[in-house]
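Below, subunit A partners subunit B and then partners subunit C, in two separate complexes.
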Partner chain A sequence: MTDLLNAVLVIILVMNLFALGTSRIRAVIRTVSVQGILLGVAALLVHQHLTIPVALMIVVAIVIKGLLIPSIMMRALRDAQIKREIEPLIGFLPSIILGALATAFAMLIAGQLPLASQHYGTLLVPTSVATVIVGFIFLVSRYKAISQVIGYLILENGIFIFSLLLIEAMPVIVEMGVMLDLFVGIFVICIIINHINQAFSSMDTRKLVSLKE
Partner chain B sequence: MTDTLIHVVLLITLPPLLPGVINKTKAWFAGRKGPSVLQLYYDLIKLMRKGMVISTTTTWIFIAGPIVTLAAVLLAGMLMPISGFKAPIAFAGDLILFAYLFGLARFFTTAAAMDTGSPFEGMGAAREVTFACLSEPALFFAFLVMAKLSGSLMLTCMLHTPAGGFSSAMVAPLILVSIGLFVVLLAESCRIPVDDPNTHLELTMIHEVMVLDHSGPLFGIILYSASMKLFVLGTILLHIVLPLQAETMWMNWPLFIVEIIGLAIVIGIVESIMARLRMCHIPGLLIAAMLFCGFGFILLMRYSQ
Partner chain C sequence: MAFAMILFPFAMAATAAAVPSNRLRPWLLPLTAVFFSAATVFVLMRPALMTTSPWLILDPPGRIVLLAISTLFLFCSFYTVGYLQYRKERSNRVFCACMLGFLGVMSIVVWSHHLGLMWVAIEGTTLVMAPLIYFNRTPRSIEATWKYLMIGSVGIALALLGTLFLAYASVQAGLESTLAFEDVLQNASLLSKPWLHAAFILLLVGYGTKMGLAPMHTWKPEVYGEVPGVVGAIFAGGVTSCAFLAVLRIYQICLAAGEQAYMSRMLLLMGLFSMTVAGLFMVNQRDFKRTLAYSSVEHMGILVLGLGIGGPALFGTLLHILTNGLTKGVLFLSSGNIHRAYDSKSTDVVRGAMRRLPLSGTLFLAGFLAITGSPPFGPFVSEFTILNGAFDAGRFWTAGLFLFLLLVIFIGMGKTVLAVVQGSAPAQVGQTPYRDGLLTAAPIVLLMGLVLLLGLLIPAPLNTMLHDAVSYLEGRP
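So, the complex of A and B:
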């Protein structure tokens, strides 16, 4: 069980770096969508015994993170008619290296944390910390509004991985609430992006500092 | 003894089939019929019967280049185990020799390219060594991971699957290493995201530009050793990606042939669905490969105690 889980988590780590390294927004959205589906698979692997609420939560997570949110973002992307992030604040290669450093850092601090004994063999903590940091890098280094939404989503994925540690203790209702917040958040942001696009004919957040009627 | 013989026969006869399979896959993707899978064999026979034109500015290095390259790659092929069998030549530390045989081959290819005195070929040589600087560490990190996993410095022991299959701690690093090695394989054998084997006289190419002055049998040798390089690196990758073992020992040979043709088809698919990267993005790809292999190593060190 653990080796399969670790394999899934490593694929998630690889996807983080891929998302940092590509300029095509469509490809990044697809990556995040596959990442969402893999998170559901990881949750399935963490659970020792499957109960109906848990199974429901996993299905909801996969549907929302893997299908619904990516399709909303794809639609926003199509309406905005942009294809790629042209010039991020931090270039693509430096951001890959930053992401790799973040992953190494996550590995280091995960070794120091006093974890429950059953979590020692898994990569849950380093993956979650690394994914959160990668989400931050994405948020601060990209100018396009839709890229920042993707960064936020990656960040949330990292938090979701961390919550897998507490899966026995945390009530399903909390998880569902988070999922609903995320969904509504992305939904609203995508509508806002559309409006920004109509008002400024660009999704560049640098242009939002100037006032406009 | 028979196994060694089969190893040598496969190493010598099989490589030209792989570019054929890759081209056939690409043709299928493009909706064309494409050349026969045996096309490279025909090309080699044709080239071997032709005469050579050798520029007066060149020295013996120009002729030595392709020959030394072929010898080095052939020797590397002898050091590499195929499927579950032992390599014909194996000793502790042969992974270093294996890696530097490729280095030697590269040195002579680039030296022969610069020997022609053409600035165009010198540019290709400069590119080749620049990218090799980045792909070699990735290869070494991959070997480090395998050496740490098996506790051996001999390629035969390193690459053979342990009796009970790979254990839990190994899966995560092995995924990273196989991604890194695949990129190295594409870079070393000049396939699409790094270099386009179809372009000629383009300012963007790497490998093809170095061999423009070679003709006839020498060019045939270059094509042959390039396909053999693909075969050798592909076999190394297969050890990690598909550590399958057949029930009976001799069944491993046909299984291996199927696997390597499958790998050629995968490369063909990658070439069909990807565009060649711009020159300035290639270091990024290779550094990513290096990071993946390096990460595999860190992960292994961290979680294998």
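So, the complex of A and C:
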């Protein structure tokens, strides 16, 4: 079971790097969508004995992360009529290298933190930390508003991976609240993106400089 | 009782969304606020009602935040009616629904005794406030909304990670994993230290972003500069106080875990850094609403600083939630009036506010004196108590820096505020029809009265509440 789980986690790590190195936003959204579905699979693998609330939570997570949010973002993308992230602050290749370094760094940190005995041997903690850092790289290095939302989503995915360690501590209702907040948050953000697009005729956040000191 | 206080504002928000009349709809706010404040007073007098379920308990620090925000909201709600009369050209459906929604979400924050639930509610405040920033529909307000949503969401995401780390700290220690506040608190000393430390940093950074502590404060000047005055008041006195309550929770857990030394260093650093940043950016600030934003950064810094000093400064810190919130109400509401009368918020244009708007101008000046800690107003008492606490705790350097920064901020803020209120308006500045009316001036006068009252004497029930909260935080029965 642990081997299978680790395999899924490694795929998630590779997808992070792929997302960092791709300029076509549509492809990045698809990657994040598949990542969301894989997270659901990982959650199934973590739980040896499934209860109905947990299964329900996993289904909701897959639907929201894998289907609903990507479709909202695709729609925002279509309305804005853009295809590519052009000239990010950090180039595509350097971002991949940065992402790989972040992954190595996450492995190091995770080695320092003590784990509960049942979690030894899994890659949950390093994958989680690495994914959070990749989300950050995305957030600070991309200019298109939609790319920043993708970065936020990757960051949330990293947090979700960590939450797999303690599904018992997070009662299902709270987990549901988290999901709902994420969903509504992305929804509101996409509406704002649309307005940015209308008001500035562009989704480029560099245009948002009128409030600079 | 908790369910009533949470569901009632949401029901009213739904009503506001359903009412068709743009003229009548704003009156739902004062109506809700009056009932909500009455419920607040009612519940504060009856300890038996404060425990609804293991997840919903109104603990002593929560009581103070509830009192502060419901008082502020009460006055703001009347002001809103007056404000929206000047904005008839626009539908206020979303505005009213979100204001009431905030009250409901805030109620969950103060009642929640479960760290996960509290996180959900604080994220909720981010979401209900976003449409309020966007009310003016200008490109600049979109920009402010965008920055708020992105920075706020990332901050809150880090807080979630911190919450999960905290939960794992108990799993790793072999305890039953839980996020119910009372359970975490009881086992605090057994928690795994490395995870607890990491959790503390993430939670402080995460909720600190919502509070607007430097260096995560960058959304604040943009947002406070663009929002209507009343929304600014709710932000500076309400949203930030909710986030501070979250910081208080983690403070209490770390204190119970015996990590005071580790925590104090971080809190003192954050507090003094926020005050420094606020002081630097206030100098030569030409936009008076942005000045208020930096003042809010400063006061969040003071709150965290007070926590960092701990022990003898806690009383002042908790009192400061109340005095800062109410004084911020005075400042933002009066600055909103001045903004409307001049149709500008730059000190190049806005001059002589005392002559054009004698009441709002005077209140703005009085609010400035109060917030910078001049006697005899409320913030003077709370800041003085914190300073006193710093000396008592033997932190002379901290106390000295604190005083020095207060002085710098007084001078920096004073320059902008005096430019606004003194002199006379330049000849080319056009007249706008706005003059102070009953609904836009009276709430500010009453708030100012309260700020003055808190400076002159602290009512005995409030004093008891504050002392209860201090002993609760320190883990004394």
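In this text, the second predicted complex is superposed on the first by the 210 of 213 C-alpha atoms of A that agree within 3 Å, B and C clash if a C-alpha of one lies under 4 Å from a C-alpha of the other, contacts with A are read in each partner's own complex, and residues count from 1 in each chain.
To be clear about the criterion, contacts are C-beta pairs under 8 Å (C-beta built on N, C-alpha and C of every residue); 3 or more make two chains touch, one makes a residue touch a chain.
All values derive from a computational prediction rather than experimental measurement.
Asker: Here subunit A is shared; do subunit B and subunit C fit on it together or clash?
Answerer: Here the two partners, once superposed via subunit A, fit next to each other without clashing.
Asker: By the touch definition at the top of the document, which applies to A:183: first (subunit B), second (subunit C), both, or neither?
Answerer: Neither subunit B nor subunit C is touched by A:183.
Asker: Considering only C-alpha centres, what angle arises at subunit A between the directions to subunit B and subunit C, nearest 10 degrees?
Answerer: 160
Asker: Of the partners subunit B and subunit C, which touch A:96 in the superposed model: first, second, both, neither?
Answerer: first
Asker: Counting residues of subunit A in contact, which comes out ahead: subunit B or subunit C?
Answerer: Ranking subunit B and subunit C by residues of subunit A touched puts C first.
Asker: According to the stated criteria, A:143 is in contact with first (subunit B), second (subunit C), both, or neither; which is it?
Answerer: neither
Asker: Check the residue A:205 against both partner chains and state whether it touches subunit B (first), subunit C (second), both, or neither.
Answerer: Touch status of A:205: second partner only.
Asker: Once the shared chain is lined up, is A:192 touching subunit B (first), subunit C (second), both, or neither of them?
Answerer: Touch partner of A:192: subunit C, not subunit B.
Asker: Is A:105 touching the first partner subunit B, the second partner subunit C, both, or neither of them?
Answerer: In the superposition, A:105 contacts neither subunit B nor subunit C.
Asker: Determine the nearest approach in Å between the Cα atoms of subunit B and those of subunit C after overlaying the two structures.
Answerer: 20
Asker: Identify the residues of subunit A that lie in both the subunit B contact region and the subunit C contact region.
Answerer: none
Asker: Sort out for me which residues of subunit A touch subunit C in the complex.
Answerer: It comes out as residues 112-116, 132, 139, 145, 148, 152, 155-156, 158-159, 162-163, 165-166, 168-171, 174, 177-178, 181, 184-185, 188-189, 192, 195-196, 199-200, 205, 208, 210-211, 213.
Asker: Touching subunit A in the complex: which residues of subunit C?
Answerer: Subunit C reaches subunit A through residues 114, 116-117, 119-120, 123-124, 126-127, 130-131, 134, 139-140, 142-147, 149-150, 153-154, 157, 160-161, 164-165, 167-168, 170-172, 174, 177-179, 192, 194-195, 198, 221-222, 225-226, 281.
Asker: Under the definition above, what is the set of subunit B residues touching subunit A in their complex?
Answerer: 167-172, 175-176, 179, 283-284, 287-288, 291-292, 295, 298-299, 302-303
Asker: Under the definition above, what is the set of subunit A residues touching subunit B in their complex?
Answerer: Contact set of subunit A toward subunit B: 2-4, 6-7, 9-11, 13-14, 17, 21, 92-93, 96-97, 100, 103-104, 107, 111, 121, 123.
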